[in-house]
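The data blocks that follow each hold one structure.
Same chain, two partners: chain A is paired with chain B first, then with chain C.
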Partner chain A sequence: MWYYAARRVLLAIPIALGVTVICFCLVYLAPGDPVQTLLPPDATQADVAYLKKVYGFDKPIPVQYAKWLGRAVTGDLGTSIQTNQPVLREVLRALSHTLVLSIGAVLVAYPLALALGTLAAFTIGRPPDRLATAISVFGVSIPNYWLGIVLIIVFAVKLGALPVAGMGPNGSDSFDITRWAQFRYVILPVVTTACVPLGIIMRTTRSAVAEVLSQEFIQTLRAKGLRRGAVLRHAVRNALPQMLAVMGLQFGYLVGGSILTETIFTWPGTGLLLSKSILTRDIPMLQGAMLVLALCFVGINLAVDLLQTAVDPRIKRA
Partner chain B sequence: MSLAQAIPDVATKAPLVQVRDLHVSFVSREETVRAVNGVSFDLMPGEVLCIIGESGSGKSVTMRALMRLLPRKRAVITGELRVGAHDMIALDERRLSEIRGSVVSMVFQEPMTALDPVYTVGRQITETILRHQRCGRRTAWARALEILQLVRIPSPERRLHAYPHELSGGLRQRALIAMALSCRPSLLLADEPTTALDATVQIQVLILLRKLQKEFGMGLIFVTHDLGVAAQIADRVAVMYAGQIVEEGSARDVLMQPRHPYTIGMLSSTVTAEARGRDIEAIAGSPPDMRVLMQGCSFAPRCRFSVAACSTTTPEPVAVGDRHSARCIRLPETFDPAAR
Partner chain C sequence: MTETTLDAAGRPLAAETSTRAAPAGYWRGVARRLRYDYVTLLFIALIAAIALAAIFAPLIAPFDPYKSSMIYRLKPIGYRGFLLGTDELGRDMLSRLTYGGRSSLMMGLTPVILATAIGGSLGLVAGYLGGWVNALIMRTMDVFYAFPSVLLAVAISGTLGGGVVNGLIALTLVFIPPLCRVAEGATTQIRDRDFVEAARASGASATSIIFYHVLRNVSAPVLIYASSLISVSILLAAGLSFLGLGVEPPTADWGLMLSTLRQSIYVQPLICALPGLAIFIVSLSFNLVSDGLRQAMDVRS
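The block that comes next holds the complex of A and B.
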């Protein structure tokens, strides 16, 4: 087991390296000149050349990559062209805000999705299944931004029960979720964010558990006198690896942030950061943000992989 | 005291299993499949009954009906089903689950798919024991080990901690048998338990089953395609065709003096040749479509003895000897002394 885990971790390193190459190069595939946006329209060619030299854009791309990577491994992702702040700090701050939403969404959506999906699988074609399926279709197909706006109108504007947007009176930097006064700000964006993973995971759970329930060994379990609850435990345990995979994937997407949700709720997370740096051609920021998010994704996948191995004896551990 | 002594003697004449006029149909919006059409038989404690018949003749459905394992909504069951003192039709799901695994157990055909792949063999056996017997984990584990020794699984301690995919087909089937026997049931249902195994393993498992059945004084209903197997282990044989038992009697009577044309046809393809291991496929024609309601004898279209009356009268079981009966209106003609 430990040997296997160590091997998986080592295997993740080349993947991470590949990720850095892609993050670095993708930015150069897009049209537009980063320096142009910093300068007034009437800037001279000499000004442009000077700025390019300052930011290192005048070197060939492989050289730029090597330099960038060399600094990246030490934790230095450069400085934002727009704000002049260290990229890593900005990215981590945005990430921490998004994590509040994504972990909140996970806590809301995952248990609910697992419970409803399992219930649906056990009652296929009957009312509980119909209801659960309806909820899941609703979750997947309702557009985020629409739901967010409706929630704001109902709970913030009409009822006045919850704040409209933002991260509380003290702003994003001193956000403290353990305080009710600030916790209130989390509720609506978390509900909005939880919707899609709720639907997707419920659907996956339903089909995975139903698939297990149709397998032959379920007959054996019933034939040896197990009650519904015990049979259910076997079914869920068998469907677990598949469910873990989807849950990990969904969490990965959540960590990437949602531009729409974060815009509606003025929540300064990764989605907003990414869109801002794309619009302003803030290349160091864009590269840094993509790299950090991609590494998160690799890490989450690795964790899922190890968890799957831990729960499924059929996966070879050698 | 061994369990064999605890089981009342065969001579006391209370049947362990009583099936009367069992009908099972699968109802869906599009069609109704009449899988079992009036099956009746008795099984005495400690007896071995072999059910033989073509694919689709309703053998498995009969077995599952006996344990009430068929889907409640889709499968309509009528008739009488008794196991010991239990009326299997009247019991609710909770009481049924108490009987399953403790009074009646089942061994399935496919050892590869009949075990839960993510639990160890030991967990699956102790789970059964803990479900039905009042004992702690340690005791259950010790009993599981004991039962693995009983079914002759080599290095049983190690096998308790193994996952199903780590065992060969033969060992898995032994593990399944161990699981089925772990609470000492008085009736074991075995639905083609050796079909999926290769020949040498088949014989070993068969001998083992027979031995354990004797040791435990257990009733055994054994479904098979293989006449050789039936001849080897059965006390009684029931031949099924199109959801009915067309002939039933002691193994000797049915296999040596068959009276129903279907049994005769089935045996004639086997008796002369090297008897073992042949499938029952040599009769011309194909079995009837179970979705349409049959008039008369369902074997008539394929029967060489059939006359006009066969397709209008539904034959009832007729006694042709001591505890030997056949469903055929042409019985006098089917008596063929040359066949003995």
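The block that comes next holds the complex of A and C.
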């Protein structure tokens, strides 16, 4: 167990390094001189020369990467062109807002998806299964940016029941879930983000549980006269590793892929930060946000893998 | 799938027997299963209809999709011959939606086709050769896996500066790793089977084995997987345009239309929802057709 865990952690290191390489290359992907992309357009010649020296742009690219990585490891991801604030601080603050949405979506989507998916697996081909399958196809196919707009039209514009956008009254930027005045703002974005994971997790749960149910030991359990609930427990326990894997992956997507929903609801998370930094060509911010999000994604996947080995002793033998 | 390549008389002969004998029965079975799958057939027809409407848009569209008019701005559905109303510049919505299918379908399909060709080939090579080539290709793919697809697509096209071509590049890059993984997995399973061994023993070169034997067995899972990505690709492509990173105005594109009409939800909410509905219908259709094909072709996910 510990051997496997240590091995898995070590395997994540080259991936994380690869991620830093891609994020580093972003600056060079941008059209034009990297120094120009790091500076505001009205920078003077002296500024350009100074920055070239400070960032080491006059050195070969591998050296530049090493320097950049060295600064990144110590938490220095550069300064935002737009706000002149340290990138890391802005990204982390936005990340905390994104997590509010992601965790909200998890709380809404996961229990529902697990319940409906299991129900569908027990009633394959019958109406409950048909309904659950239809919901999951809809959840996967619906463009969530469109769903967000439709929800805004219905609940904010027509009914006037919920706010259109933002994270709280008067452009509030701290989150306090216990206050209804603020909680109202989280409802529509959470419902919108919950759709895709709902569909995907329901689908995986259905096929995973159905596969366990088709195995012979389930017939034995039924023949022994076990009650339905007990059979259910066996089925779910065996399907759990597969379900965990997809739940973890979806959580990663929620944290890292929130850009469209956050743009629609002007939710001040990492997604909105990314979309703003693209519009204003704030490359250091874009690079920093992408690095932090990708590392979160790697970390989440690692955590899920470790959790999987904890619940499924069969894995560590493989 | 049974393979009939045990006769080792020579390369051309082995190739001929395998093109004729084995797949014919398989594909006939697929067609037979599809014929009774009415849901899949219905949605194949729907996709065909939408694609035809997009291709022949100049013949179908009642108005010029780019002709704006200050007096006819944001008119409701059915107003004076504008069957689906008009947008914020007074352009006919029905015509724009018909034309919009062109860029939306193109932006959705092209990356999947390109990524299937590139990712599939990389996967074939990695799976067939194994060893350090496999390690090099697959570990590189692993790194791209470390980014959520939306994030990678937005970051790449955003850094490159938006536009149709950059959007296509970004989406293609996003879909190469998963397709490569599927192709590599299937190839690794095939390469040690007896009929491949037999072909190798009879002196067939690596290229001809890959083309005649491996490709034939790997193409079904890869194509099914690619078909399931079309829906994702259409959603992502429209999403890029929605963010202002894909198609540029005034081109008619569903994602872009949704984004510009967003300002008018207080005036004509129904019309503002139309482009998104079009994206939804197409993405749903591709999802259902892909599921149907997967069942008909008997490929396990």
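Couple of notes before you dig in:
Note that in this section the second predicted complex is superposed on the first by the 276 of 318 C-alpha atoms of A that agree within 3 Å, B and C clash if a C-alpha of one lies under 4 Å from a C-alpha of the other, contacts with A are read in each partner's own complex, and residues count from 1 in each chain.
Assume a contact is a pair of C-beta atoms (placed from the backbone, for glycine too) under 8 Å apart; a residue touches a chain by one contact, two chains touch by 3 or more.
A quick note: this is a predicted structure, and the numbers were derived from the prediction, not measured.
Model built by superposing both complexes on chain A: chain B and chain C fit together without a clash. Among chain B and chain C, the chain that touches a larger number of residues in chain A is C. When the two complexes are overlaid on their common chain A, residue A:G18 makes contact with chain C while staying clear of chain B.
Once the two complexes are overlaid on the shared chain, A:F138 sits against chain C while remaining clear of chain B. Contacts of A:A194 after superposition on the shared chain: neither chain B nor chain C is touched.
In the superposition on chain A, A:L226 makes contact with chain B only, not with chain C. In the superposition on chain A, A:M247 makes contact with neither chain B nor chain C.
Residue contacts after overlaying the shared chain place A:D312 against chain B, while chain C stays out of touching range.
Once the two complexes are overlaid on the shared chain, A:V157 sits against chain C while remaining clear of chain B.
Annotation: superposed on chain A, chain B and chain C show a minimal Cα-Cα gap of 12 Å. Common to the chain B and chain C contact sets on chain A is no residue at all. Only residues 67, 69, 94, 97-102, 105-106, 108, 110, 113-120, 127-128, 131-132, 163, 165, 176, 179-180 of chain B touch chain A when the two sit together in their complex. Across the complex, chain A is touched by residues 139-140, 142-144, 146-151, 154-156, 158-161, 231, 235, 238-239, 242-245, 258, 262, 265-266, 269, 272-273, 275-277, 279-280, 283-284, 287-288, 291, 301 of chain C.
Residues 14-16, 18-19, 21-22, 26, 29-31, 137-138, 140-143, 145-147, 149-150, 152-153, 157-158, 207, 252-253, 255-257, 259-260, 263-264, 274-275, 278-279, 283, 286, 290, 293-294, 297-298, 301 of chain A are the ones touching chain C in the complex. Those residues of chain A that touch chain B in the shared complex are 215-217, 219-227, 230, 234, 237-238, 311-314.
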